[in-house]
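Next, two complexes with chain A in common: one pairs it with chain B, the other with chain C.
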Partner chain A sequence: MDNFQEDTSNQSYLDYNDTDFDYDLIGPCSPQNNHSVQLVVGPYVHSIICILGLVGNSLVIVTYALYKRTKSMTDVYLLNVAVADLLFVASLPFIVYNELSAWSMGPVACKLLRGSYSVNLYSGMLLLACISTDRYVAIVQVRRSFRLRSLAYSRLICAAVWALAGLLSLPSFYFYSWYQPSHSRDAFIDEKHSNSTAGAEYVCEFRFRYTTEAHTTKVALPSMQLAVGFFLPLLVMVFCYSAIVGKLLRARNFQRHKAVRVVLAVVAVFVVCQLPYNLTLLYDTASMFRLQSCEGADVLQAAKTVTQTLAYLHCCLNPVLYAFVGVKFRNHFRRIVQDLCCLGKRYIRPRRFSRVTSEIYVSSRRSVDGSSENGSSFTM
Partner chain B sequence: MVSIKASVMVITLLTICLLATNASPVHHGCCRSYMKNKIPCFKIKGYSVQTVTELCPINAIIFHTGKGKACTNPALNWVMDCVNRLRNKAHIVHMKSTKADI
Partner chain C sequence: MASGKVCFLATLCSLLILSTFIGDAQSARCCLGYTNRRLPCKPLLGYTIQNINRSCDIPTVIFHLRGRFVCADPSSIHTQRLTKCLDARLERNNRITANRT
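Our next item is the complex of A and B:
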């Protein structure tokens, strides 16, 4: 306090007395709830999601690559969804690791991981909408389906989806940067107290040049994610699948109930996984620039972490909901397992792997069989 | 066969990586609201600036006091008065030290 003595002489200028300073300080928030949530969810839950997603989606890709040529429009879509989901879960451990370790992998990893996250999110969601449209055309608009459901056409649509996803992700590539936040780095502090400025950690977050740019982009990007990455696919799915269910219920097919159940499962999983996160994101975006208490901000952040993890889970469920539910796909997959077993008898070492795969196969079969045998009509 | 072996290896490695990370998440606490009361300038040891152009959602001047950090509204006059005083003091120190060097 000695170095401030000259200030006390003109203290009257600002009209303070010492009793003014009895209040509790309102300081920067330290997210405690979110912190503990992240510590649990970060390494453990994400590991499980990552493993399930890697196994499920690589099985889909391997099946397509080795046994089942992409013959139909749906095959092309399913393969693309699997690729998008696989890329997504493959980047997940790196994102989690970096969030936990002050982005130790540096600026290139920051841009790449955030950008690819966005590309995979958009492409995955839009492809799910494409699949529902494809099924709508196949079942409801049967007359047009021969013209609209060609292989070249579907490849073109997939290319367009990836291009659109890339385009929508350009702002993420551009604005995410690797830096030390200036409010924890550049503190102007008297020499005697300057030790607290050292060692600011790096983050990978938005950085803008202008305040107006910051205000618009911080609202525009989540809004775009909500609109194109959630509400558009949701609307398309609800429209297409309700038309499909209507048609199926009118049809005289003894397996129609199973097909309806598959449709309901697809929509229900989409809503259960994506709706909580997107509602939280919507609330967060709407209240972003408003003044909040630290407790409120902390709870919101923790809610975002939990619901986001639920949204990640969607990637692991897609292979079961879309690919393994189909009878044809399962038959191809069965051939893989049989071939693997043959290989396993020949070699001693790989036997372990084939057993693991067949266990997964059996469990996925069991979980799916009950719901639908008529899934083939959905994965033609 | 090779691809499955490779993917099992990758999965195992990733899991080990994740589970081995015992680092705690890093937080750059942002100010989410402002002090309602004034802080006497002589209690302030330093300040840092939080801008909306980075990760935080609002602009703020963070005063470092003996009691801890305080978030204040940069739109208020008393806040900028205190900032200017600190700045002036730094300037005076700078002038004195350059004179001493000569």
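Our next item is the complex of A and C:
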């Protein structure tokens, strides 16, 4: 013990050899320094996703709210998916802004944004599983479909999905906190050194009271997200859609190829958008308490960011894949566009016509002409 | 119409690829590995304990040297000796400053 004691005269540490020492010392990993690229590109990608998602999902909601009076079970699900996706993309700019500005919006925004992110993720994914089950019942279990596919039933299921999503998100609401990432205990010889680590920047991350609690929750939350937010919907979709495709291929219907293509597109988009992110998350969770190098951690972090962006893209594609693919839905949507054009004609004088409205008008005329393509849509 | 869609998709893809170079704002500086080398007590200025209760996932003792930080395994006996040594020095320092005032 004695050989560690030494006098505190300031000169004492000047005579040890610094260069000999520098070698193979491992320090804390510093944040990546390509922050400028993140500042430039990140907002663009996210704003494209945000705008596409806002436009697509609001169109779905407006179409349902204004025009589609006779709502079927599928309509209720599609409307709920659109609401979940809309909430998701609406919170996206706030999350990106806060990540870039050291969570300047404060503790309430931190808990709300992290919590609502989780609610929308779970509800969106579970609703997609519900849609596949609904289609499975309608197409494969035709006899049972009259009993199982009622409006009240679907509303009950949607309420249950939102409640479950809220329940699964409670830990996120509870454990995400807004704090300065200083460490739990500091001991310094000089006061001036203690100031060097105290960062003024806030983060919105997990904070726990006990180490055991931290250990369990840090693994349990991503595991639950993987299980309920990805693998369960994936399994349900694969089961339901493979049964549907099997049935469709046996049926003699001239529209069957289109329906099969739609099914394949729905599953393919789900897998392409969600699988990379969830595999990265799985790897990240499995290697969480393992020692690693800073370079390895940087690569993993970059992979997580890119695959997460790809997963966000799913929200913009859902309106196209589920709502606009249906012929009935498109007809309702056309009526909205036509009515808007009529309004425009009535209230705006011709010379003040903006180019955008006239383009919509032209395209709606064209689509009305081509609306003879009728028949059963896949979304029924 | 089709070429417009392709152009749009291409732009989106290239933006996605560009965003590869985005590192998500790493929330805090965390130690992810341990230094094997045995440090002497002499040049150390202080230490910080990093536990897993916050955003970092590896329990670590971070020693402060002049101009740098070194991550050490908190379960190693040597690290525990070093923290004791620093605690003793810290206490002595505090006593001296208290006597002066």
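As a working rule, the second predicted complex is superposed on the first by the 305 of 380 C-alpha atoms of A that agree within 3 Å, B and C clash if a C-alpha of one lies under 4 Å from a C-alpha of the other, contacts with A are read in each partner's own complex, and residues count from 1 in each chain.
Throughout what follows, contacts are C-beta pairs under 8 Å (C-beta built on N, C-alpha and C of every residue); 3 or more make two chains touch, one makes a residue touch a chain.
Note that the coordinates shown come from a computational prediction; the quantities given were computed from them, not determined experimentally.
Regarding the shared-chain residue A:V62, is it in contact with chain B (first), chain C (second), both, or neither?
A:V62 contacts chain B only, not chain C.
Have a look at where A:V45 lands relative to chain B and chain C in the superposition and call it first, second, both or neither.
second
Is A:Y97 in contact with chain B, with chain C, with both, or with neither (first, second, both, neither)?
first
Touching A:Y210 in the superposition: chain B (first), chain C (second), both, neither?
Once the two structures are laid over each other on A, A:Y210 reaches both partners.
For A:A297, is the partner it touches chain B (first), chain C (second), both, or none of the two (neither)?
In the superposition, A:A297 touches chain B and chain C alike.
Determine, under the contact definition given at the top, whether A:V306 touches first (chain B), second (chain C), both, or neither.
The answer is second: A:V306 touches chain C but not chain B.
Does the superposition put A:M288 against chain B (first), chain C (second), both, or neither?
In the superposition, A:M288 touches chain B and chain C alike.
After overlaying the two complexes on chain A, where does the chain B footprint on chain A coincide with the chain C footprint?
1, 4, 8, 16, 21, 25-31, 35, 38, 42, 44, 99-100, 179, 181, 183-190, 193-194, 203, 205-211, 214-215, 218, 288-289, 291-294, 297.
Quick one: which bits of chain A touch chain B in the complex? Just the residue numbers, please.
On the chain A side, the touching residues are 1, 4, 7-8, 11, 14, 16-18, 20-21, 23, 25-31, 35, 38-39, 42-44, 46-47, 50-51, 54-55, 58, 62, 93, 96-97, 99-102, 179, 181-190, 192-194, 196, 200-201, 203, 205-211, 213-215, 218, 288-289, 291-294, 296-297, 340, 343, 350, 353, 356-357.
What part of chain A is in contact with chain C in the complex they form?
Residues of chain A touching chain C: 1, 4-6, 8, 12-13, 16, 21, 24-32, 34-35, 37-38, 41-42, 44-45, 48, 99-100, 179, 181, 183-190, 193-194, 197, 199, 203, 205-211, 214-215, 218, 288-289, 291-294, 297-298, 301-302, 304-306, 309-310, 313.
With touch defined as at the start, can you tell me which chain C residues reach chain A in the complex?
The touching residues are 12, 15-16, 18-37, 40-43, 45-55, 57-59, 62, 64, 66, 68-71, 81-90, 92-93.
Where on chain B is chain A touching in the complex?
Residues in contact with chain A: 1, 3-5, 7-8, 10-11, 14-15, 17-19, 21, 23-43, 45-60, 62, 64-71, 78, 81, 85-87, 89-90.
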